[in-house]
Structures are given as structure tokens and as C-alpha cells.
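In the two complexes below, chain A is the common chain; its partner is chain B in one and chain C in the other.
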Partner chain A sequence: MKILEIKLSNWCQYQGEHNFSFADGPDKNIVLIHADNGIGKSSLFYSIAWCFYETALPDKWVKNDWPLYPLPWLQRANEGELLKTEVEVIYEHGGINFSAARSFITQKKQNQATILTRSFTFMRREIDGNWVNEEAAILHETLPPSVLGYFVFDAEKIEHFVNQSEKVKDFVRKLLDINEAEKAIAHLDNVQIDLMREINRGLTNQAKVLKDEVEALDRNVVQLKENLDNPQNGLRAKHKQFRSEKDAVENVILTYKDQYSLIAEQKKIEDEIDKIRQGIVDDHVKLKNLTQRMYLPLIFPVAQRSLQFLNDKKQKGELPKDIKKRFVNDRINLKKCICGTDLSPGSKPFAIISEFRDTLSDELSDIAQNLSDSLIVIQEKTKELKKRLADLLKHLSDKKNMLDQKNSELRTVRSKIQEIKDMPDIPQLQIKKEQLENEIESIVRTITKIQLQYDEEFKKLNDAKQRLEKELSRQAEIDETSKMWQLANIVSAALNKTLEDYKSKARDFLEQQCNKTAKELFWREDVFTIHINEDYVLSVTSRETNESINLLPGMSMGETHVAGLSLIAALARQTQAKAPLIMDTPFARLGPAHITKALSECPKYFEQWILFLQPSEWQNNNYRKIAGRKIQKEYTLKRDNITGITTAEEGYHPEYFGKMVE
Partner chain B sequence: MPKREKIYISEEAHGFYEMLKGAAESLSSPFQSFRDIFLVAAIFGYRNNAWVPLRPGERKDIFAWITLENDKHALPILQALVLDKTKEPKDLLDDDKVAEIAEGYANGGIKILIEKLSNIPNKLEGAALIMTELLNEVIDEDSENNPGDQ
Partner chain C sequence: MEELRLGNIIDLAKQYCSTNGAKQFLEELMKFEKRDPYSYKTEIREMLKKYKDIK
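Up next is the complex of A and B:
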């Protein structure tokens, strides 16, 4: 990655448009930005990180909420006025030019600045020169935000960098992709755990149980099938047999249907005859009730004459009066008639009444009355009897005629029956047919029941088979899972070993590179040795002292810087990181020897080295001699005292140092 | 007057009575009781003027007097015969008189009844036919004599 251009628009002190073009020859990779403190060197320095990753500003800027727009503008702007702030960084990576541009719009409201909108664009330049939108992921891959801080940093941080082992460890692990490898291994371990869980879940005797179930159901199904379909004594065979027999019986009955109908007819006629005969018997009973009264018609004329005689006698007074003798006796005893006539004994009325009394006969009177009554009834009954007798005799005659007719019919039918030869016993056959029908009905019910059982068991069998199949598949999967677990186990072990080897070798290599770089940067030959332990903590020992003592804490800032630079350079070399190294006041703690060495050696390790220098860091002319061929671009920043605006002028202009430009 | 206890027929006639009555459930004879046979025989005897008194040695009881009283028409029928014969109402008070006359007529009439039914195989139907003839006869006569009573 090589930064080609930085465009500032209303960024911090840089009010207006400011361009810093770094593009130059391929062999030149040093860019120098000279400025006094407070002119805008740090603003320019942090604009690059801010453009890439908005959150990469220093803590003190964020904590104090330092504005990123030009303050002079705010002071002079009118109410509601808008200002766009933008930083664009154009860089080359892998032969392609990319542009990252970040901006925001500020509005002045009541003497305050309000950020209205923010935006970020990332573009790629095509062969034809047109810029097209590109995924910001490419930027992340080239210069991840996590490592940005190690390539774009304040040189004062080097000692912190060297001494803060955790950060170094983290930085190195990221650069060497150790974290990624460990993540991959951890993921593989999780996969193993999941696989093992899966294996454990499958370790049951379910398959055996299901097999037993399938076998039992299969036996049931076979047995039921046998019950149904056995050709000898299965239910269906029996059903067929019964049906066959019934059909045979029906055929016989049908064959003799006409003949048998004669028998039925005979039976019917016989029944009718019986009925008629019974009717005749009933009529005879009724007739006897009437004939026993034969005396009625015989006595009728006598009854008439007797009745007439009695009436005559009565009219002539020759019959005893209808006065009860007892009643007359009572009046005689009372000596008074009901008309009041005195009936004392010896009186004439008494004599008359007594004589009269003697003529009376209650019995005769009763007999005569009863006789009269009876004779009247006899007369009536005689007439009634005539009708009843006539009807009954007619009824009887009709029945006798009917009986004769039926007998005649019966004779005819019987003669026809006698002509039939070898007729089977149809009633018996019909009974047999009924029995067979009952058997068939019973068998059909049983077949239906067994069939239902069979269907149910068959279904259960299929379900069990499916479950068994599933279980066996699952077992197979478990076996497969076991294999996968084993494979994962092997791979994990191999990866772990490889990673440990890699880490060890990488650390060793890093240590070697570090020492090599340190030697190239400054180190006294074979005196100091840099050590990097497993946690990437740096230590420095010397042959001249006890080699177990770490000399780094007591080293000068310059030597510490060198150690830090060595580590960064070694990492850059080892990981072939393509990011430029951008340093703010890199040489503040270093002496001329170190600076010379750094200028001579560091450009070899970085694709681009951008240095933001205070005047004191570039006072030695030797520096330009050493770095001159590699200087890609050089700018000097200056600031207008009146406007407060910082501008950049290409080249080295030491005349701007230590004074404000009027 | 002492009440009569029994009704008598001749010994000879007893067999006829048995034959005409038949078995209790039999439908071959037209009569259900000796009383009914006696009544018919008495009336047949009266109609044919055949009064044959029973000789004391030859009589046999056939049913109790009270049997006559059990049927409200039986005694009046015999009384009608007596009345028609004697023309004396007071004879009605004399049960012996009534019985003697009735027995005489029955004795004379039983043979006529037997003769009438002898050639008829089905005596029940034969009796019904005889009754029908008699009924037609008497009712037709009655209609002729009393046209207003129809």
C-alpha cells in the first residue's frame, strides 16, 4: 500500500482545499512533512487515520471534542452557513488505485457548530481512468483497523509499544495470523464437541429394541394373513366353501322352484282348508246355541194363543186381579180401606172385601204376569232367531262351498306333486340354506374383524420398519459422525501442533529478524541481543553483562525506539504487511547516529515511510544525503497568523520554522 | 202346593235323550241339555196332539225341576202348553199338573223328534233346517195374521 495523494478540504487548520501529492518514482518511498509544533502537523498526520477509520483519532482529541472543521470559519461564518469538511486519501495497492473519502457538513447555529451529515465513500480507479464505487472491505483487508495503530503512530508511543507486552503480543499475533489460526482451531474444537454430543446421543440400544418390535409385528401380520388366506382352513377359503355350498343348495331349490311351489301351494290350501273347517266348527257352535232354542219357533203359536187367552181372561176379569192378596189382608187388618171405608169385622164392606180377598191369588197373578212377559219375549226372540239362523246357515253354506272348492284345488295340486319324481326335501334345504347364510354372515364378520386387525398390525409394522430404518440411518450417521469426530480430532491435533510449531518458528524468526534489523539500524555488533519470548515481550541482553538480565527497562529512549522500530520492521518483513509506516516526530528521542541508521535502513522494510518531522529532527544535512534518493515528496507546513489557516508548500522551507507567516 | 222335584221321561226315551244331547263338546247334536230336548219333545207332542202319560213303573227322572226355573222361558213354555190344553189359569199354580201334562206331551213327542232327525246325518244342521222351516212357517203365519207387526 502506498499513499499517492491526500486532499484536505476545511480540515482542522486547513481551511479551503489542500492537496498533498506523494506520487513519484517507484524507488522512492520516503515522504517528509516538516512543520513546527502547533502548525498543523498532527492534524495532517491524523487526517489519514480519520479518513480510513473515523474512530482512529487520538484520545485527547475525542475527550476534548476538538473540532475537525476550521475554527476561523466558525468565528466568521454567518448564522446558518454550511461548511463541508472532507479528507480524501488516494493510495495504490496491488497495482490498483483506490480512493477513500470521508466528510461531514457543519452548520453554524447560534454561534455553535452542528454536524448535519457524515459520509464515507470508497472507490477504485478503472483502467480507463474512471472511478467506480468499491467495497470498503478491500481497505479493511489491506490495512485492518486493528493494525492501523501500529503503522500510523506517534513516535512517542514506541516505548509504550515496546513495553506494553499485551498490546505487542496482540499486535504480533494479529499480524502473524496466529489469532485467526487459533480461532480456526477453537472452531474445530467446538465442532468436535458438537460431534461428540451427537455421537453420545446416538449411543442407545434403540435399534435392537426396534428390531425386536419389527419381528414381533411381522409374526403377528404373518399369522393374521395365514388366518385369512390359508388355502385349506383360512377364513376366506371357508367363506368360499360356504358360499359354494349355499349356491349349490340355492340351485337345487331353484331347480325345483316350480315343483316346490306346488308344495307351498298345497300347504297354503291345506291351511285355508283348516281355516275354513275351523270356521265351520265355529259356525256349528253358534248353530248349536240357536238350535237348542228350537222350542221357540215350536212354541210360538202356542205362546200366541196362550197370551191371547190370558189377556181375554184378564179383560173378562176371570184372572185374579193385579191386586196383591197381601195388600188386601193388610187393609182388612187395619180395618180401613185406602179410600177410607171402614172395614170393621161384621160390616158389609168387610164381607165384600173378604170375599174379594179369597178370589185373589198372588201366585197365579205372578205366574200369569210372568207367562205374559215370557210369551212376549218369546215372540220377539223368535223373529230375531229367524234372521240369525238364516244368516248363519248362509254363512255355513258358503264355507262348505268354499271347502269343497279348496278340496278340489288340493286334489289337483296333490296329483301334480305325485307326478314329481325324486324331489328333494325343499324345506330341509331351505333350512340348510338359512344355516349356511348364517355361517357366511358370521365368517364375513370375522374376516372383516381379522382384516382390520391385519391392516392395523401391518401399519404398525410399516411404522416400526420406518423407525428402524431411521434408527439404522442414524446409527450410520453416528458412525459417519464418529469418523468425522476422529478426523476433526486428528486435524485439530495437527493444527495445534502446526500452530505451535509456527508460533515457535515465527517467534524465532521474528527474533532473528528483530536482531538483524536492530543491527542494521544501529546496534553495536554482537553486543546486544533482542529476545522475544512466547508472549512477545521484548527483552535485551548483552554478552557484556549477565545474559539473564533484561537491559531494556534501563535503556535510553533512543535505544528503546530502535528496539521498537526493529520489531515493527521485523514484523513488516515477516508478514510482508503492505501498509505504509506513518510516524509523527519519529526521531525526537533519537540521536543523529540512530536517525542516520533509521533513514538508511527503514525504507527497506516499508513500502512507504511518511515522516512528520519537527525542525529539530532534520537539522543534520547528512540526513538528506542518506535519505535523499529515496525521498518521494517533501512538504513544509506554514500558518497564516491572521487567518489561522495552515497551508503546505512543497519542498523544504526551513525559513518557515520558528516564526509565523505574515 | 208341593213343589215338584224332578221331571220324568220313559225309560225307553232315555236313550233317545242321550243320543240327541251327545257329548258335551260334540257338534253333531243340536241340543246342549236334556231340558231343551224335553221342551222340544213336549212341544212336538203338543203340536201333534200326542199326549202319552207316563206309567208309574216306566218313568225315569231326566233332570231336576229347578232346571226349568233356571231358564226364564222354560217353565212359561210348559205353562203355555198347559194353559192351551186346559184353558184353566189356576192349573198354572199346580206344578204337578204342569209337569204331568208336559211329561205326557214330551213322551208323545220324543219319537216324532227322533223320526224327524233320524235320516239326517248331521243332526245339528238337520235341526237347524227344521228350525228354519218352522220359523218361516210361524213368522209368515204371524205376518199374515198381524200385518201391522212387521
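Up next is the complex of A and C:
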């Protein structure tokens, strides 16, 4: 990371627009800003940190709510007047130019300043020169806020830095990405737990079972479909065929319908004739039976004469019964039986004889009675027979007439039939038609049944396919999840393997680098040795004294600064940190020898070294000789006494030191 | 004493990554961690999804 330009607009003492351009030469990396105390050196110094991360201001500024807008403006501004304060830092990193710009708007209200709005933009310059918005996260990656304080600091901090081992430890961990690695491991562990939970939830053999089910159902469906729709021997094809045949037969039947009706008529007439003939035969039999029973009228006169005879006898009282009755009555009148028995009325014999008398009969009387009854019956029967005979004869006559008629009809029909040529066997065709209709009906039933089966199986197949798809999708998710778990595992293991070894190596390395840098920069050859323990506590020993004694607490400020600079340089080298080192009054405590050495060696360790120098830190001409070819840009700050505004002039202008510019 | 070569933790960890996907994931993960994120599970899962199939 190399700062190319700083643009200030109404920042602290820098009222108006002020540009500091550092972009000059790829091999040069020292920037010098010269100024007396109180001119605006620190304001410019802190503008860089503030631009990147708003909170990176010195504690005393924050505690006192130090205004970042120019105070002279507030004094002179009208009520309600607005002022925009902005700091823009343009830097290069990885061959790409970036711009970070932070601003706020102040309004004067009742002699007070009110901050209305604040904003931050981060942009990237494209190849065509256009600036486009960029994610601020890139700035975080290049110069995280946590390490900013270790690359942008003033000389006071060096001493604290050296003595605060926790800060050193923290700094090393951040610079070496140890913190990030540990966080990454912890995060990966947690994510892996979640992933494993998901994997365990889903492992079954369900997919295979479902596949088998789908295949079986599919076969059924295909088979049923084949049964229905095979163009050669499918049911629908057969149905069509039968219908076709039936239609053909029907057509023939229809074609010969009228002709065939003659045949039917002939048959009908023949049947009728047969029926009539049979009827005539039956009637003849009935007639025969009837005539056989016609003897009855013949015996009627004989019976009548016999009856007449008997009736005469009866009238004359000559029937045996009458004679006996007279005899019995005589005895009753005499009240005595011929045998001498008493026949007094009321006596038992009287009752007996009376009953005898009343029940007297004789066969002739009975016969007469029967004969009389029979004659009546015979009369009736004869009447009936006569009627029946008459009816039968009539019936027979009618039938004969009908027979004649039917025969005549038959002759007519037959003559018509004889005129017909090549008539097919219609009855046979009708039988065939009936057979075909039966076949068709049967096939339709079968088709309906199989169609229902097909629909059911098809539905089951679709359900099974959906379930299979769901399961496969779930399995795929699990497979994906497994891959994610594996990847997390690989990286977590890689970080774990690297980390422990790295941590201890880092400390050793830092110590080594620190001593190397200190030797290169500042120490007298092999006199002092810097030690950094496990907790990153620094100590310094010397071979000139007891090597177990830590000399650091007793060292001068200058030597402490040397140790601090060595440490920072060692860290920069160790981490190959890409941030510029920006230091405010870095040489205040150092002597010329150390300053010379620092100017000679430090540029090797940093991408860019921006120094804010008091006049006393640059009084030796040798400094320019040593650093000269490495100086990228140089500015001298001056302040207008009347306006209070600080401006920068390119180059080194010692004439501005120690006095205010009128 | 021979100068120790420390190297970068990411480069060293990459040596233990068997796939390019793992290496790329490691880089992106470390960049992500440098931003000191508040939440991480969703983002890390997305990164895993992105790199899991890269051999």
C-alpha cells in the first residue's frame, strides 16, 4: 500500500482545498512533511487515520470533542452557513488505485457548530481511468482497523509500544493473521457441527427402495398400456376391429334388409301355417272326442219313459214305500203293532215306528229320483256338447280359411324371393353380428377395467416418482453437505497443523528479525541483544554486562525508541505488511547517528515511510544526502497569522520555521 | 544463526490443502475473518458451497 495523494478540504487548520501529492517515482518511498509545532503537522498526520477509520483519532481530541472543521470559519461564518469538511486519501495497492473519502457538513447555528451529515465513499479506479464504487471491505483487508494504530503513530507511542507486551503480542497476532486463523478454526468447527448434524439426519437406503418401486410400477404401467394400445393386438385395436366387422355385417344386413324381411316373412308365414295346421289337427281330435260323447242324447227318451212309468206309480201310490207307509199308519192308528206291541204316542216303540215310517224308501223311488236328477244333468250336458261342437266346427272352418290365406301369402312371398339373386345368409350374419356385439361388449368391459387399473397404477407411479425425486434431492443435499463438511475439515486441519508451529516460529522469527534490524539500524555491533519471550515481553541484555539483567527499563528514551523502531521494522519485514509507516516526530529522541542509520535502512522495510518532522529532526545536511534519492515528496507547512489557515508548499522551506507568515 | 523463513500463515496452511478448492476457500475465509465479522455461519457455508466441487 502506497499513499499517492491526500486531499484536504476544510480540515482543521487547512481551510479551503489542499492537495498533497506523493506519487513520484516507483523506487522512492520516503515522504517528508516539515513543520513547526502547532502549525498543523499532527492535524495532517491524523487526517489519514481519520479518513480510513473515523474513530482513529487521538484520545485527547476525542475527550475534548476537538472540532475537525477550521475554527476561524466558525468565527467568521454567518448564521446558518454550511461548510463541508472532507479528507480524501488516494492510495495504490496491488497495482490498483483506490480512493477513500470521508466528509461531514457543519452548520453554524447560534454561534455553535452542528454536524448535519456524515458520509464515506470508497472507490476503485478502472483501467479506462473511471472511478467506480468499491466494497469498503477491501480497505479492511489491506489495512485492518486493528493494525492501523501500529502503522500510524507518533513518537510517544513507540516507548509505550515497547513496554506493553500485551500490545506487542496482540499486534504480532494480528499482523501474522494468527488471530484470524484461530477465529477461522473456531468458526469452521461450529459450521462443521451443524453440517454433520444435517448429514446424520439424512442417511437412509430409502432412495434405492423407492427406485425399485418406481421401476416395478413403471413396468406395470407400460404393460397395461401395451395391453390397451398395442396396434396389433391391444384391446383397443381389437375393439376397433370388432366394431369394424360388426359394422360391415350390419351394413350387409341393412343392405339386404328388405330382401331378408321377405325370408323372415316367409318363415313367419310357414310357422303360422304350421301352427294353423297343428291347430286343425288338434281340433279334429277334439271333434272326434266330442262326437264320441254324443251318445247321451240317444238314451234320453228311454230314460224319460222309465221316469214317466215310475212317476205314474208314485202318483197312484203304488210304490212299495207307499204301501208300507199305509200299513204302518194303520198300526199307529190302532196303537198296536201286528206283534201286539203297544204303540201309544210318546212311547218308545211309537217313536221308533214313526221314524221307520218317515224314513221309508224303496229302491224304485230312489232310482226314480236319481233318474230324474240324471235326466236334468243329461239335458244340460247335451246342451253344452252341442254348443261346443258348433264352436269347434266354426273354429275349424276359420282355421281352414286362414290356412288357405296363409298358403296364398306364402306363395306370393316365395315368388318374390325367387327373384332375389346372391343374397347372403342373413341369419348366419345376424348370428355373427350378435357374436360380435358380445365380443365388443366383453372387450369394452375389459378395456374399462384395465383403464381403471392403468389410471391407478399411473397415479401410484407418479406418487412414487415424486417421493423418489424428493428423496434424491434430499440425498443430493446430503451429498453436497458432505462435500462442504469435508472441505471445512481439510481447511480446519490445515490451519490447525500450521498454527501451533507457526506461533512459536513467529516469536523466534520476530526476535531474530528484531535483533537483525536493531543491529542494522542502530546498535553498536553485537553489544545489545533483544529478547522476546512467550508472552512477547521485550528485554534487552548486553554481553558487556551480566546477560541475565534486563537493561531496557534503564535505557534512555533514545535507545528505547531504537528498540521500538527495530521491533516495528522487524514486524513489517516479518509480516511483509503492505501498509505505509506514518510517523509523527519519529526522531525526537534519536541522535544524528541513529537518525542517519534509520534514514538509510528503514526504507527497506516499508512500502512507504511518511515522516512528519519538526525542524530539529532535520537539521543535519547528511540526512538529505542519505535519504535524498529515496525522497518521493517533500512539503513544508506554513500558517497565515491573520487567517489562521495552514497551507503546504512543496519542498523544504526552513525559512518558515520559527516565525509566522504575514 | 541461519535466518528463519517464516512465511505467511495462509501460504503455509495451503500446503496442507489437498485441493485447489480448499486453497481458494482458505484464502477467502481468511479475508473474511480479517473483516472481523459479526456473524459468520451463513457466509462460511456459502463459501463452502462455492469451493466444494473444485478439485
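Everything below uses one rule, namely that the second predicted complex is superposed on the first by the 347 of 662 C-alpha atoms of A that agree within 3 Å, B and C clash if a C-alpha of one lies under 4 Å from a C-alpha of the other, contacts with A are read in each partner's own complex, and residues count from 1 in each chain.
Note that a residue touches a chain if its C-beta (ideal position, glycine included) is under 8 Å from a C-beta of that chain, and two chains touch if they have at least 3 such contacts.
Nothing here was measured: the structure is a model prediction, and the numbers come from that model.
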Regarding the shared-chain residue A:187, is it in contact with chain B (first), chain C (second), both, or neither?
second
Looking at the overlay, does A:571 come into contact with chain B only (first), chain C only (second), both, or neither?
neither
By the touch definition at the top of the document, which applies to A:51: first (chain B), second (chain C), both, or neither?
neither
Have a look at where A:487 lands relative to chain B and chain C in the superposition and call it first, second, both or neither.
second
Looking at A:390, would you say it contacts chain B, chain C, both, or neither? Reply first, second, both or neither.
first
Touching residues on chain B, where the partner in the complex is chain A
27, 29-33, 36, 39-40, 43-44, 46-47, 72-73, 76-77, 79-81, 83-84, 87, 89-90, 92-93, 124-125, 127-132, 134-139, 141-142
Of all residues in chain A, which touch chain C in the complex?
137, 140-141, 144, 146, 176-178, 180-181, 183-184, 187-188, 190-191, 194, 480, 483-484, 486-488, 490-491, 493-495, 497-499, 502, 505-506, 508-509, 512, 516, 574, 576
Hey, which residues of chain C end up touching chain A in the complex?
1, 3-4, 6, 8-10, 12-19, 21-22, 25-26, 29-31, 33-36, 40-41, 44-45, 48-49, 51-53
Touching residues of chain A toward chain B in the complex: what are they?
281, 284-285, 287-288, 290-306, 309-310, 313, 318-320, 361, 363-364, 367-368, 370-371, 374-375, 377-379, 382-383, 385-386, 389-390, 392-393, 396
